[in-house]
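Both complexes below contain chain A, partnered by chain B and then by chain C.
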Partner chain A sequence: MNIDVPAGGEAAKPPLLRVSGVTKRYGAAVALHPIDLEVRQGSFTAILGPSGCGKSTLLRLIAGFAEPSTGKVEIGGRDVTRLGPENRPTNMVFQGYGLFPHMSVAENVGFGLSIARRPRPEIDQRVAEALRLVRLEDFASRRISALSGGQQQRVALARALIMRPLILLLDEPLAALDLKLRQAMQTELRRIHRETGGTFIFVTHDQSEAFSLADNLIVMNEGRIEQAGVPQDVYMRPNTLFVSQFVGDTNILPGIRRGDHVELALGARFSSPGRQGQTTFVLRPEALRLDAATPAGSAPEGTALRCTVEEMLLLGGEARVTLSIGNGETLVARLSDPRDGEAFRPGMTVTVRWADKALSEVGVAA
Partner chain B sequence: MRIGSFAWPLVMGLLSAFLLGPLVLVAVFSFSSNALISFPMGELTLKWYRDLLANADFHAALTNSLAIALPVALISTVTGTLAAYAFAEWRTRLGLPLLALLGLPVLLPPLVIAISLVVLYVRWLGLPLGRPAVIGGHVLVTQPLVAAVIASRMASFDFTVLEAARDLGASRWQTFWKVTLPQMRAAIVGAALIAFALSLDEFIIAVFTIGGGNTISTFVWGKIKTTLDPSINAIATILLLMTIGLTLIALRLTRYRG
Partner chain C sequence: MTGWPRALRRGLALFPAFGILTGLFFVPIALLFAVSFWSVKSYRLVPGFSPDAYARTFSFYGPLFISTMLIAAAVALLCVTVGFVFAYGARFRSGRYGDLFILATMITLFGGYLVKIYSWKAILSANGILNSALIWLGLVDAPVTWFIFNRGAVIVALAHFLLPFAILPIYSALRNVPDITLEAARDLGASPWATLVRVVLPQCKAGLVAAFAICFLSAAGDYVTPMFLGGGSGIMLGQFIVSEFSTRFNWPVGAAMSFSLMGVSALVIAAVWLAIVGRRG
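Up next, the complex of A and B:
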């Protein structure tokens, strides 16, 4: 864990991308509420959120296709807010790819360099390099219309990477591909990120894609950043109910804090100082442990409750168990080994236990 | 049932013969030695074409027609393309009504346009009639057709490529030259040919606004009024071939899809 450890010169170095107080309005409609965001050099950042939450808008503001209504965008310490896309050290892979249909693969990839008037031999050499990187060496003279979706995706990637952007922006790059191809391209993207050592920011509404690629996760909702951080932290310690529900399954546990203790509606009591009164905690299904034997009682490190198995689903690689706690509350547990699940039949009385540190407080649910 | 299935092709055949018959007759008799369209056909001859080539009035009319059709094709292609491009790029609610407004001259009777033009030129602007006047009138009708051809090509145009080009460092101008134009070229050339062909055989606006002199179509009109000279058949055949040829090329080009 080497997060935010100020170490000598490293601490003074500004982040590669800094977005401060950026908003975007379209007429009366607000697409982005004030956004603050920092991305460090070399990271692979995912912007995750439901459709219409402003992900593309944010990406387009970074790329320079739109100007923010207020606020500032800095790249490498330089204010680029008023610069057009052609003057920013960023390149974009568009959702529909935006390949030039009247040019060959090599001409597409070399377009940026020929606009920059690089000498012919350099263009040829770098095009060959870029095509090798995306494994399309044999397709240089093909027409775009004679490529599959996955191959077009790679051309778009090569065309952006050849410019050696400080930041590569990808807008739902894999959304148009089928599942198998999408997984293959995820592997490719990870490899390319590793080999180029670049900084990638990509937009997606697929949480599994965000988790499999990113080392930095930004969750957006309704034009706001709900939470940003290391994906595992966001998953295990969601700040809001929205994040908790959007990045996976979750148990929502309302409760009341009195003094230094919280009493959950389902009947557990544990120590947790904080704001008095109504509050809500969330608990991941895989944080729950089940066993048939041990009696209930408060274990020192957590909670144990007696409950009844209501339903048990075997889902290939895992088992989902729905538990009912005496007073009408239910919990969902996920067992990573389906063989464990086979031991629990509906109607059985079992003990469910969890560590108190697995609970995340998300405030009062709206 | 059986009668029905024969009757329709028969009706269609008669109708086509009625519509196309005169055209065929004109073309055939342009090579006939008869002084009138009458059977039996005389000998095969190129006399009428030779007469035409020797006719100074015909030369003047042809020169006028070309001196009008070329600028009409150029001007209406530029303005029509820019209009279609602007409407497509704005993609505003205003776009469609504006395009429809621009297309209004196509829907109006040419006679109304011709009379209004004469009134506009002579009464309001105090401009002389002549070639520039005809060019203005023709652009009015060809420009919306060019815009329509370009707009239909734009409908299948992927606008992401414009952003992609900008993102790769191209200026607006470079984007237009290197990305937009190459993809639109076929449609633009096709639209220009259509405009050229339309201007070449347009009659009503030309006859009202040309003032003195003739275009090919007014020349033919003048000849018909005085004599029934078979060289008219020759002119008609030349016009027919040019129009059909240009339109065929234009159709081929505009149907092209990236």
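Up next, the complex of A and C:
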């Protein structure tokens, strides 16, 4: 699957990472169906999916901890499929960090260079640099057990980054941290990515984490890539029902296409050429507009429906309104300003509107 | 009064264990320590305060002391090495069968101590299994006599008996080494050997020293194995402690030898601990 490349000369450059036709089987069980994937230099890529979707397996295949059953992994144009992690230009930040408990912070960070038999002054200097990058300058001689979870996370980052990997791999990097720390680390990771200019790939099951960090999003499910692209595009234009549901909330609207028009089960009809027969559209809750006034017929470029407010939830910074269409169908709308929500009370008749271009077709729902 | 002070209650809870330890261990040891300064006059113990027993221990039994320490050290090193290889295999190379292998080593303990000594005798003696096999294979013409009744036979038999006691602490130390640290080392470019030396071994140092200590102390104090496999002249101090207490009825010397053995063994283990684990633990 090709990743969208921003306008400019970069499109001509070959991708830094190319995974082609990679599968992974454990006996009869298939962990990964054929995966094709390209990541360009300098990107911050998130592999997002529920647990068991194969995202960690894919990361381990890129790192070299597992060998694919079929297919090829290329980094910087070189085939690395048969190389172990010790021979790949990648380094990993492990879930749970895997720091060496018998070494100090500086010894942990310098481990890779010391294995590579770099001269002592170079190791000392690069350790200092790496610790400065993760803002742990004053912790060099601490023992690992004396560090907090967030500090250990930074040591793990420094230990991997000091190797100057072509690709930094992060396995659920923030999963073990509490919310406050997680948000702080997200900011840190963005800064470190910017300052190093490196290529980062991380695995997560947390969609908000993926959206706040990544400029390139890969959504996986059941061993397959469901969709890849710029996060905002994936959010606004989900290709599949799974993506629309896993990445944010969604309204699922079954319908039938006859000729150049689609009739949705909830009663709307709009122009949309394509494959005839049963189909499904999805609609993001924030694409809905509510209006207490009487409708003036059909909206331009969109749909307007009369409906009843069933439930209204004020959720701090936003409001969620559940609407009943009348024929048993419901819609959920999200209002970004909760003050708007206060105008709508359960039982009220309102008009809901949306632009037709906000609808994404995801094919026939299973 | 609502109850006794906390410290007192805690003291009472400790009492049974403390009582058993005091009554069955410290008191006899203290008595024996006192006896080591007494003397013997015409088969009678005479209380006093004389260093004669210690002087005799180190002058007369000095070479034997060294020999005993060397045998114990050889046994302990053998057990720690073989035990580490076994425990490493069970921990990192056996998947979920690791615990099963450890259980199997524990089962060998049911065989008992004397049974093992006699089986080594059956293997190593002049008309034993090993010699029969060598003759049958045509590798030797006459039975080899140096398999048994020497230090080598004692070391092999003691190591065989003590191996499970080395495996246990090493395995439990290795269980606390996270797999992920091995993966991290590999990811940072470390070879399997470098990972072993720089990541695995340092993380299980305490277990290795514990295994060494258990095997060293058990071997240093043993007198049955050398009696059966070590030859007639005696090669370990324990054999002579027995004879000082029984046939010679020289309790002070026997006691002095016991305490010297304990003291020197403790020094050896302390030195090993300091050298390997260091002061930081």
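We take it that the second predicted complex is superposed on the first by the 352 of 366 C-alpha atoms of A that agree within 3 Å, B and C clash if a C-alpha of one lies under 4 Å from a C-alpha of the other, contacts with A are read in each partner's own complex, and residues count from 1 in each chain.
Keep in mind that, in the parts below, contacts are C-beta pairs under 8 Å (C-beta built on N, C-alpha and C of every residue); 3 or more make two chains touch, one makes a residue touch a chain.
What you see is a predicted model, and the numbers here were worked out from it, not measured in a lab.
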item: Clash or fit, chain B versus chain C on superposed chain A; value: clash
item: First, second, both or neither for A:Gly326, with chain B first and chain C second; value: neither
item: Which of chain B and chain C A:Gly52 touches, first, second, both or neither; value: neither
item: Chain B versus chain C as contact partner of A:Gly112, first or second or both or neither; value: both
item: Partner chain(s) touched by A:Gly42 [first = chain B, second = chain C, both, neither]; value: neither
item: Chain B versus chain C as contact partner of A:Gly21, first or second or both or neither; value: neither
item: Which superposed partner A:Gly77 touches (first chain B, second chain C, both, neither); value: neither
item: Touching partner for A:Gly274 - first (chain B), second (chain C), both, neither; value: neither
item: Interface residues of chain A shared between complexes with chain B and chain C; value: 63, 65, 84-86, 90-92, 94, 96-102, 111-112, 115-116, 159-160, 163
item: Chain C partner contacts - residues on chain A that touch it in the complex; value: 63, 65, 84-86, 90-92, 94, 96-103, 111-112, 115-116, 159-160, 163
item: Footprint of chain A on chain B - complex, ascending; value: 158, 160-161, 163-171, 174, 178-179, 182-183, 258
item: Chain A - residues contacting chain B, complex; value: 63, 65, 84-86, 90-92, 94-102, 111-112, 115-116, 145, 159-160, 163
item: Residue numbers on chain C that touch chain A, as the complex places them; value: 178, 180-181, 183-191, 194, 198-199, 202-203, 205
